[in-house]
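Chain naming follows the written order as A, B, C, D and E, and within any one chain the residues start at number 1.
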Amino acid sequence: MVQQFLNGIITGSLYALIAVGLTMVYGILRILHIAHAAVFVGGAYIGLVAYTFTGSLVLALIAAAAGCSVLGYLIQRYLYTPMLTEERIVPLIASVGLFILCEDLFRLLGGPYIRAFKVDLWFEKIAFLEAVVTAHQVLILITTAVCLLVVYAVISKTKLGLAWQATAQDMDTARAMGVNIRQVVTFNFIIASSIAAIAGVMTAINYNSVLPTMGSVISYKMFAIVVLGGMGSIPGTVVASLIIGMSETFMSAYFGFIMPRDAIAFTAMILILIVRPQGLFGRAR
Amino acid sequence: MPPILRVENVAKSFGGVQALRKVSLQLMPNEILGLIGPNGAGKTTFFNTVCGVFRPDEGRVFLEERDVTGWPAHRIARMGIGRTFQIVKPFRNISLERNVLVALGHDRISGWRPSMLGTGLKAHRDEVRRLLRLVGLEEFIDQTPTTLPLGHQKRMEISRALALRPKVLMLDEPFAGLSEEDIVPLAGVIKNLQREGLSILLIEHNIPHVMELCSRLAVLNFGENLCDGPPEIIRRDPRVITAYLGS
Amino acid sequence: MLKVDRLSVSYGEYRAVSEVSFHVGQGELVTFIGANGAGKTSTIRAVLGLVQQTTGSIWLDGRDVTPLAAHERVKSGISIVPEGRKIFPELSVLQNLHMGAYTLEDQTRLARNVDWVFELFPILKQRRNQPGGNLSGGEQQMLAIGRAVMSEPKLLLIDEMSMGLMPIFVDKVFELVKKLNRDGMTILLVEQNAQKALGVADRAYVLKTGRIVLHDSADNLRKNPEIQKAYLGG
Amino acid sequence: MGLGYLTTIGTLVCIYAILAISLNIISGYAGQASLGHAAFFGIGAYASALLTLKLGIGFWVAAPLAMMAAGAIGAVVGVISLRIKGDFLAVTTIGINFVIVTVFEYSDFFGGAYGIMGIQYPTLFGVKISKGYYLLMCLGFVGLCALFSLLVSKSWLGLALEAIRENEAAAEASGINCAKFKIIAFAFGCAWAGLAGVLFAHFMRFITPNDFAFPISITIVAMMVVGGIGTLRGPILGALLMAALPELLRPLANYRLLFYGGLIVLMTRFQPQGLFGDKAFILRMLLGRGPRSMRHSGD
Amino acid sequence: GGPSSPAAAQPIKIGLMAPLTGPAAADGLSAKQSCEMLVEQVNAAGGINGRKIELIVYDDQFDSKQAVTVAQKMIEGDKVVAGVSGSYSFTTRAAAQVFQEEKIPFSVGYALHPAITEGGKYVFRVTVLGHVQGRAGGYAAGNLLKVKTVSMLIQDNDFGQSLASGFREQAEGLGVKVLSADKFKMGEKEFSPVLTKIKQLNPDLIYNTAYPIDGALILKQAADLGIKTQQMGSEGLDSTKGFLDVAGKAAEGIIITTNLDRDSKAEITRKYLDEYQKKYGFAPDMTGASTYDALLMVIDAIKKVGTDADKIVDAFRAMKGWQGVTGQIQAFTPQGEVIKNVELQVVRSNVFRHFGVVSDLKLLTP
């Protein structure tokens, strides 16, 4: 029971780490950013390369974050921003195209085979109360907490966060208030992409593997979380991640054969949305 | 003569905000009733409650003595209440012709008749033209609302409401944002509609025109009826002056 | 203060404003009047750099700001009450006001200005934590005006100031504008209530189908019989 | 190229065209996001497969029944769309796709992970339809579906859907029962997707849950968008292009998927209203209209 | 070099379909590389009766619709004399239908779906059915490992299902009790919840029907949770890069059922393993080996009887005792299913080693 609870929390925090970036992007551009998963995979690959060369996890994380920031910036600048005036489904499809392209690019560059990403930390695992947590999992928990707190602080406590929200609601008027839209959007993408990169590296070391298709499930499943959280709400995303993580864990532990985890996630989402159509932390419109 | 629209003690609150505490109102056939009151008094909320956008927490709404409380908005619209919105809600990306046609065809659309897969909608172009001409927008018939200035969009909404062939027309600040040049003919149109037998409920802050147009005024304040009566009397009511009109 | 030279604005193939030139002197209160669709909003938005297809040049304080982006123009001291209020619907009233002061760095002045706006429009204080989108039309208009003055602009652009406001407040905001102007703020006012606008303005331009057709002191225009007939309901 | 090869591709194009046209009724006309259209494709396919195999019903009876099944479940999604809106609805439909595929995959009644085998080619007056005639039949159904879509767009129904797409509050105030028409749009759109499923099942004669998974939904949306959402020719031509693209790109071998993704990006980026939409470059060239002033560049 | 062939001789075309892009690209690549190596070897040795072999490779992208078009294309466009599948079940099943209709022999590598050969007489499979391999696993569990209780982790596709059903049937027949049977989806990463549950059940054996990465994660997460139970897998785990590298020391001691014996004394197997390692720099997978055999059988049949489709089919059917990389074929059933031994491999020091073999004919006949 304790172990299952821990399993749920850890799954949930990995989800949160990935979904928070999506929430940010959705929050500012109102785009369902499928290619976020490509950024995530990119982070894992860059991290792997950097780690192989330097042997330092910190450097690997920095390299991944930097690389993905550039990737995120390019996506935002040259793909999404010019499409903002279009119907919302158009950037979504562009994003899908980009995701297909990136996934295949990773395959061509890194080969179709799985690559191991083995990082040994200063301890292996801790056992307590008949439960076990590995060092990787502890690292994930800490990283998630730090990243989420930073993002939350930026959004709710700073002028930049206010500008993000304003830009999301009415770009033209935000501009008229003196917001440098381009800068604000860029900054948003850089943070979101860096976190995706970190999530990529964390996922890779947790599962000791990097492969071109590691983003494919994530690409759509994270939307269940973003939507459940209320689309654009950071605390909502965190709570939703934990709910989904927990329900998947407990469902697959006790009724594993009823349905696959993805379906569990989406079922949970649909059931909650029917009761609360605006998501957990969304505002009723 | 029974009132065409009778509203009894409606109340509506949003979370903590009591937008309507208790409002009653009667609209007589063939009259123009002005609904005035300070900003935030609950006028728009009142409209929305009558039109079925919100369900009132309390109270009843009768249209031609028929209880329509809690009916969905489209049914009330078909029963004969046409309305415009304070913050315009045009169908932004379709031509004015189709904007008006939607309401014109409401009875065709609602039923499962052959006319639903009807022969060309174009057949009704003349009627649409007439309705747009009424508010001076005939020349824009093929343009979309996005390309029109706000004032035009507001007038288009009146055409659209009229296309419902309503018994009651409810206008939410039709003159706001219109220049004097445009208001005068529009006021004429409204007067004409009344003469042709329509009953009109009008929210407006443009006092000179309200005074001229309306046969009766009802004043709301803090979600309650303050008073009602002929314009000349309301204008001199000290409560109205302090709460709303100013010196 | 503001000098606009042969400004044109187009939407696709349609030219909404053609070659208008005007100026607003330091400390002046200038108003634009004109029928619906005359191009007032387009002109104002062009001054701030919010419309894409423009030609002509815009000078602010003797500096050519034509190449500057909207946010940079705002930084140099312009603010706007936009047509249709354009309140951020999901930000609270207070956050909306903070957005108005986006370019203002000084926190104490920001707090003071918030208090000042709340004093002007007490209802906003009551609603301070409500989402802006839930306000009534008039309340939103007050918020839009309050938001625009938050940044203590040098040049205030107002598009439809009295729209949706109740009569007492119409008088009140005209007094406010007059007072701001007296305290040194330069103001460009677009207003449908031409009567009142000409009452407070120093000068006025009359726009018709995208062109300036008349330009004179406010007093003269008020006496002009044609203007009276067309715009003043007289 | 071989005739069989071309008929195969042609039949698949027809099936996709029906899917794209029918999605366009929901998304293009009524403006309701649906990213789970493949689920209804699947419902049609499974319903027809089971009806013909388990109950021994003939193709021509099974097909309308399967359409009804897909339409009925589509109507349920329509009911859901009354409550859940916009992007919330979009993601909900993704979820619906997953849940329905899971039902196929996890219940033995639907053949589970093995899928359903042994589905037969239909017969007409006792004669088995050959591949070539099957293609003609599919073309006929595309024509019917397009005609239906055309009728909708030119009728009062289409007008009502357009109004709902543009502004629900205003549509209600204009006497339109938004709830009813959303449900109608979903029901009809999904019923046609069901027909595509029927055609698919009897063409492939072997179906697995995989064939109706979420990526297929995305492909359908992409066809509609790349072609030009909201028009009739858009989805048809989009389906033609996108279904043929994997084959056209075959010479690129290892770089095929890379280019496929890249082309989607380029097409949506530079022709966001669709290659064959109202403002499309191709159309302008064909009709000889001079280039309109380009869209304003975003900031 | 071999004897130069007459210039007039046309090459013999053989088609290969494999998922070269998309989610199963790694297996597709294994299959393609193995076949290309084989064709090079045969051509270097002078081809078939002086005619070179030309391998026509098409990508099915892990999509059954593309599998059908690809099958059509190789048959009609390229006029292949036979087809080989280096792909998964549902794609292969869809393509098999086309080959059967066009009456072209189709030799299937590692796809396990029972219905593939139902198409008709032109379709063959060189690997044992999933159900059969599952039975071999159950046999090993009950008879060789002598376990009493087992927990199963079943991949929810045809591959996993068919293995699991065979395993369950055989194991329960031998008195083994199945404590739990949980399904999971291909690509699943988080097995801790279900492993935590299994830990409490404390079975003697955990049997999984996963593909490499999922299987590696099962073992790794089991080790992390402190589960020391004996593990068993299937040929789904028979991959060096995908499985051994990722699972690392967690893989130690796992037994898998497969058809590739990496300690085999057979020359052909040794040669394949060595040359693949030499040519591509890493040890090959089961998917490569099986597809290699599927192609090799076609080539051998053509060598014997020429390129006539019906003759090839008959030659296939007659191949009793044929030795391939993945063991010796005892016979084909009338269905076109192969009868051959199932190998048991164990992981020692991070390599697959011989553990045993299941050769009970009763069990191996589908």
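The rule is short, and it goes like this: a contact is a pair of C-beta atoms (placed from the backbone, for glycine too) under 8 Å apart; a residue touches a chain by one contact, two chains touch by 3 or more.
From a predicted model like this one, the values you see are computed outputs, not experimental measurements.
K.L.:
Hop distance check: chain A to chain B, minimum number of steps through touching chains?
P.N.:
2
K.L.:
Could you tell me between which two chains the number of C-beta pairs in contact is largest?
P.N.:
A-D
K.L.:
Please work out the Cα centroid separation of chain B and chain C, and write it as a whole number of Å.
P.N.:
The answer is 29 Å.
K.L.:
How many angstrom between the C-alpha centroids of chain E and chain C?
P.N.:
Those two chain centres are 75 Å apart.
K.L.:
Just curious, how far off is chain E from chain D if you go by their C-alpha centres, in Å?
P.N.:
From the centre of chain D to the centre of chain E is 36 Å.
K.L.:
Please work out the Cα centroid separation of chain B and chain D, and write it as a whole number of Å.
P.N.:
41
K.L.:
Provide the list of chain C residues touching at least two other chains, using ranges where the numbers run on.
P.N.:
69-70
K.L.:
What are the residues of chain B that contact at least two other chains?
P.N.:
In chain B, no residue touches two or more other chains.
K.L.:
List, in ascending order, every residue of chain E touching at least 2 other chains.
P.N.:
Expected reply: 21, 156, 183.
K.L.:
For the complex, give me every residue of chain C touching chain B.
P.N.:
11, 14, 33-37, 41, 83-84, 123, 130, 134-139, 141-142, 160, 163-172, 192, 194-195, 230-233
K.L.:
Under the definition above, what is the set of chain D residues touching chain A in their complex?
P.N.:
Answer in residue numbers: 27, 33, 80, 83-85, 87-88, 90-92, 94-96, 98-99, 102, 105-106, 214, 218, 221-222, 225-226, 229, 254-255, 257-258, 260-265, 267-269, 272-273, 295, 297-299.
K.L.:
What residues on chain B touch chain D, complex-wise?
P.N.:
51-53, 72-75, 77-78, 82-83, 85, 89-94, 98, 101-103, 105-110, 115-118, 120-121, 160-161, 163-164
K.L.:
Would you tell me which residues of chain D are touching chain E in their complex?
P.N.:
1-5, 8-9, 12, 105-106, 112-115, 117-118, 204-206, 208, 210-211, 246-247, 250, 253-254, 256-257
K.L.:
Given the complex with chain A, which residues does chain C contribute to the contact?
P.N.:
Touch list, chain C to chain A: 48, 50, 69-72, 74-75, 79-80, 82, 86, 88-91, 95, 98-100, 102-103, 131, 147, 151.
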